[in-house]
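Okay, so chain A shows up in both of these, paired with chain B first and chain C after.
Up next, the complex of A and B:
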């Protein structure tokens, strides 16, 4: 099969998976079902990474997001046991739904129009970046961003520990 | 007819043919392996606990599992009322299907790999995480308190044990400098003292403990814990719903043992015998060890389980990783 056509078909498939997952996440009344929608989206994004010839990113996406983050989200859902019929679970009235739909579609329309006006030439097959090169760049050229991420994670962790301790004291 | 001519006559790319043939072979292996391992588990349990195990159906009870499989297939599939039907039936497939992806990059011998991937180790680790998700969905969709408690335990357990497992595996990656399972085997020799398990004994022990916990096998089988939670996350599953979880558990045992073999025990390498035999021998020896654990140790308490991971395995794995990094830099 023609390689370009195959890539386009796969892109369509992954985009469909991402959109379907996103819709499932937004429209679900049940938080766990919304989480499954999120998992679908994450898998679709991993597929896009594969299409960009970056298997490392794709596998890391699955390892970190599906394997760890989603599991933690499930933990949070179970710990909070939010009531199924909360305020957010009610269907929205017509005007609100219309505005929400517009707010969702507007960025897509703007981005789509911009892309159609300036079609990007991305016909060449992207080259796979060697893992060692990627690691070296993360710790030299992009070290600031890399370390900032760890600071964010550290703050989140410290906050979680703090919350845990104050709750224990209150008991 | 070899695969090259087959690919040419079908007019498709060779890797595609390789993948399909590999997947079919792996599917057959997973099915056969489950039948064999269930029988082996009963025999091992029987001999460890001084009872005969199955011996009525077929010679040495060999056909017992076949009879069980027929029973499982014939049973009615039941969805608990009040449960989430979609999630309930998504769960067993989420548990079972990733197994095939995880078996693809394993090197069975010098040339025999279903689908060589240069990030094979990462691929296996990534898809191994889906097992927890399956347990969560099963527990949630069942609308059953035992199942939900089982799911909660599965989450806490897997989050705790995934960290030392990854750290232990990373130590090997530091030594070999690659994530390609074939190349990791190539770094090791035929004899046991040339295996990476000899230079990374602590990582090997940590890996095996975590692997037992990640596959939810006793003494770490808290998500199902029959004596406390009926059957934990799969309480509500009948027939092949349960059957798929079962197949997944035994296939996961193969995966963790095969990865341990590849990383620490020299993979398919060994004297005299050809590669695939050594590989299978080492994998099944490890599985026997895991069964040995199950029928020797009582189930741990939940706080003991978490303390073991957070207070012992993670610090030890970190120290081991640091030492490895220093040694690699010095060498």
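Up next, the complex of A and C:
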């Protein structure tokens, strides 16, 4: 079937983009390059959301992550004036690389083994959920979670303002 | 391999990369980038589980939206904390800031 082949090819392409971007995000010496790798990964995940027939999530991914979170990270990089020859660029011991690799691979290996040992029945063509339905759910069944996330965002914003606030001397 | 397993393996790769980066990185901003990778993997895993099994599709998408909201809140707070650390220590690297003083 033609559509299946196209889906498989696109999945392989997006997985490659995610892997390459993730490796750049984790290993790049320069933090700005690491951020560009993160952007690449985010676009790859947005492509996977499109393949899963959830276009709304793909747009939200690009809007929230690439539009807001990455800009915040860029602010953090620029405001900390990370020196080019700082700690990040110094060579590291091979033992450290081994331990870090172990820390990353051990949980993933356990979860991956569990995943491969228990194959669940999987749909081949996911159904799209109407946007109207999502909005209705957000305002009826899941209204508590919706309100709580707005409270969390407000508190995070207030906390950020409070932390960045410098008190004048004598007050 | 079923499609569900492939999507979950992609999410697992993001988790492994994020955990590796969290240990490997020496600057606070680099660690923040690794955490964002992991949160993205969590979102992908939830949406794949909702879309490809008999679970409620709308619930999975709303859960991932909440994860995205939490990631935005977390990035805001980490930016503020990094700014405070830079003001106090002069740099944003994690090597010198592990000491507590009461």
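Here, the second predicted complex is superposed on the first by the 161 of 171 C-alpha atoms of A that agree within 3 Å, B and C clash if a C-alpha of one lies under 4 Å from a C-alpha of the other, contacts with A are read in each partner's own complex, and residues count from 1 in each chain.
Criterion: a residue touches a chain if its C-beta (ideal position, glycine included) is under 8 Å from a C-beta of that chain, and two chains touch if they have at least 3 such contacts.
Quick caveat, the model's predicted, so the values are computed rather than measured.
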**OP:** Report clash or fit for the pair chain B and chain C bound to chain A in the combined superposed model.
**Re:** fit
Original post:
Who touches more of chain A, chain B or chain C?
Top reply: C
**OP:** Examine A:101 and indicate which partner it touches, taking first as chain B and second as chain C; both and neither are also allowed.
**Re:** second
Subject >> chain B versus chain C as contact partner of A:75, first or second or both or neither >> reply: both
Original post:
Which holds for A:10: it touches chain B only (first), chain C only (second), both, or neither?
Top reply: neither
**OP:** Mind working out whether A:66 is in touch with chain B, chain C, both or neither, as first, second, both or neither?
**Re:** first
Subject >> Touched partner set for A:20, first chain B, second chain C, both or neither >> reply: neither
Original post:
So, A:39: does it touch chain B (first), chain C (second), both, or neither?
Top reply: first
**OP:** Report for A:56: first if it touches chain B alone, second if chain C alone, otherwise both or neither.
**Re:** both
**OP:** Could you tell me how near the closest CA atoms of chain B and chain C get once both structures are overlaid on the shared chain, in Å?
**Re:** 14
Subject >> Set intersection of chain A contacts, chain C complex versus chain B complex >> reply: 56, 60, 68, 72, 75
Subject >> Parts of chain A lying in touch with chain B, wherever the complex brings them together >> reply: 30, 32-33, 36, 39, 55-56, 59-60, 62-63, 66-68, 70-72, 74-75, 78, 131
**OP:** Quick one: which bits of chain C touch chain A in the complex? Just the residue numbers, please.
**Re:** 1-10, 12-30, 32-34, 36-37, 40, 43-44, 47-48, 51-53, 57-59, 61-62, 64-66, 68-84, 86, 91-93, 95
**OP:** Using the touch rule from the top, collect the residues of chain A that touch chain C in their complex.
**Re:** 11, 15, 18-19, 22-23, 25-27, 31, 34-35, 38, 41-42, 45, 48-49, 52-54, 56-57, 60-61, 64-65, 68-69, 72-73, 75-77, 79-83, 86-88, 96-97, 99-101, 103-105, 107-108, 111-112, 115-116, 119-124, 126-127, 129, 133-134, 137-138, 142, 145, 149, 152-153, 155-157, 159-161, 163-164
**OP:** Under the touch definition given earlier, write down the residues of chain B that touch chain A in their complex.
**Re:** 84, 86-87, 90, 117-119, 122-123, 125-130, 132-133, 136-137, 140, 148, 151-152, 155-156, 158-159, 162, 179
